[in-house]
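As written, the chain order gives the labels A, B, C, D, E and F, with residue 1 at the start of each chain.
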């Protein structure tokens, strides 16, 4: 069977829609991946971090200990840094975002248990000035062992 | 007809494979997007920039003038900054990458001519230490008007 | 006739004073450059961005579309990053600024129509601790095709 | 006599405790170093800068002029950048810190008057999510001539 | 018994000398920490990363798998970013370094098994222009779960 | 008499040409400023730093001690960071520059002896892809007490 990286699993979870999204979720949940897809919009950087962390905790994707919380935080920080492509900020530099985030937890490569447990966070959405239509797409991903 | 952002068009061009990739290319070339997908691997940052620029020039995706070359350079820089998630470097910090890059040129949103011409560059691949298997996925995207 | 870059045109617009400033404006307005010079002071980064954007819109230096607003935003971001020389922040790192900003729109090089339309943003002023006299000069410039 | 750098003097001032701390202070005050050790905790970056500056002023470690204040500010900025290891921010990226800071003023190397006067700022503490126990240690140091 | 963070254990391993260093090593090896202290000097960033990784591998401080190598790499990157206090580079910006590095592996806090295994990397030395005596001290630390 | 900041003195030294340049130099040398103007072009970051440092040493603008060399280095680093507006690099990210640099040493504000001695470094030139005409202007300035 074809192997897929946890990064692509999280990316497709954020990018797919409708029936393709449902098939994607079903396929990788069968392969023991924990998957979550949420939405958040804000001019405040902290709201993006809080949305990802709250979802991961509520869905039991990370255990209640610091090692796992640390991995999730660093994955989110890497994803957000990438999403911003330079200055890591939103409202302070007068821009806003609305995005879909996805979280995937499981092997680094599907079907390869030797790679151990990892967590991937993807942010995909629109970033721009806080005026309707004055924005373009951005994407960011962070991956950490957990 | 459903509208798609130029970012998602470039992302799916880098992420899809096989028949899905062919359908994707066919669909958006019909909608007048110029699309290109290539591969490059290196420990030298400059090689990544050169691969994207050479392909875009050879495929006539940017015209031979500085305005368009400037837009492509900035889109590539944004994509590479995001891909690196922090320190924007490869061999200097002892890491290597092998990646697929995609370039898309056309309207910011499919079917919306009022948005004008834009260019999107996506980098998707494996980044890590220069030892086989000691690497994970990364992604980066930059979008500029052209 | 001697050619001048749009960067130097914007720099001299920010740096000159009195009669030299008037001659500078007259000379380059005759060569079809749009020029604006304003002032802003704040501990909030967002206020600097807002002052430049508001002036450019009000003076019709950028058209009401996202492509042009995007170019202005990136030019301002580059100018502000340069102005801060490292950490891109004001009040969060306990410093304040009072500055003159200038915006120039026209050919990349005076008299060279083949170079197309570009926009240059310059910030020049005093940056330092929010105590009178505890500050020194800084400058930043960003240039984008528009 | 063994020579010690002002950096190590400030580092040991932040890291030592109890009797070892007292001996350290006594030893280097005898060698004409000005030393200060304080504590600050916050989610606001500005509070860290303010705590260091206020202490240095109150203890007369810097004179009331801009040259010395500038040196202290840059030393603090370097120490805080190092402490954050990447994105230079606290609350905006949803993290908090509690730390000990130390300031040392004197020769770059103990017993070497030819090196002139320098100032060293060290930050050492815990950084992490604003939940008890979800944090780890960090350190940063900046050194400037004064 | 007093508890000590893995950060302070690694910091003191880099900063102590002579008999105090021997006592420090003995004390924390008894508490099941793996400790290593080495030296490296270079104008090439990659040499610093290579020295830390080679030592950790040779001393069996990280296992031969990607999860552990990833943790060591990120801890070294954080330490080196902090050490550079801004632009993360050596020879490219015409400076050189000679430093002691230390690596510690064990619980996040001594005597607290619930905190799991972590790795700390500390860099402490002299950074400056490549001329004798034109340099000052710097320090950096990175901590990751392993 | 009108007072001028050392930053504007260095900026005008880099930006002026011909008779205006000569008048500028004459005016501020009479006010006891040390002034230097040179040129350098390269794809290597280190060459820019070396050109500024070599000129300052040869012209006796900084004394042969580390405190003054440190001030010059930091002023050059700030100027170069600003000049690059983001990623602080040239050839590694496939770009090249040709620039005029200026150095000014004297009071922070002309005629104000209480402000002490400072040094300002300005870089002004063209940055872009290493193809003729594919470049635009950039500027950067750093100011440090010396």
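Here is the rule we use: a residue touches a chain if its C-beta (ideal position, glycine included) is under 8 Å from a C-beta of that chain, and two chains touch if they have at least 3 such contacts.
Everything numeric in this text was worked out from a predicted model, so none of it was measured.
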Problem set entry | Listed pair (A-B, C-F or B-F) duplicating the B-E contact set, over half by residue number | B-F
Seminar exercise, completed: Taking each chain's centre as the mean of its CA atoms, the one lying farthest from the centre of chain D is chain B
Problem set entry | Proportion of interface numbers common to chain E and chain F (over half same, under half different) | different
Exercise. Where centres are the averaged C-alpha coordinates, which chain has the largest centre distance to chain C?
Worked result: E
Seminar exercise, completed: Distance between the CA centroids of chain B and chain D (whole Å) is 44
Exercise. Taking each chain's centre as the mean of its CA atoms, how far is chain A from chain C in angstrom?
Worked result: 37
Problem set entry | chain B residues counted as touching two or more neighbouring chains | 66, 70, 81, 86, 89, 92, 108, 118, 136
For this session: Write out the stretch or stretches of chain E touching chain A in their complex.
Result: 65-67, 70-71, 74, 108, 114-116, 118, 144-145
Seminar exercise, completed: Within their complex, chain C touches chain D through residues 86-87, 89, 91-95, 128-129, 133-136
For this session: Note which residues of chain A are touching chain D in the complex, please.
Result: 44-46, 49-50, 53, 66, 69-70, 73, 77, 80-81, 88-89, 92
Seminar exercise, completed: In the complex, the residues of chain B that touch chain A are 5-8, 11-12, 15, 78-79, 81-83, 85-86, 108, 118, 120, 124, 126, 136-143
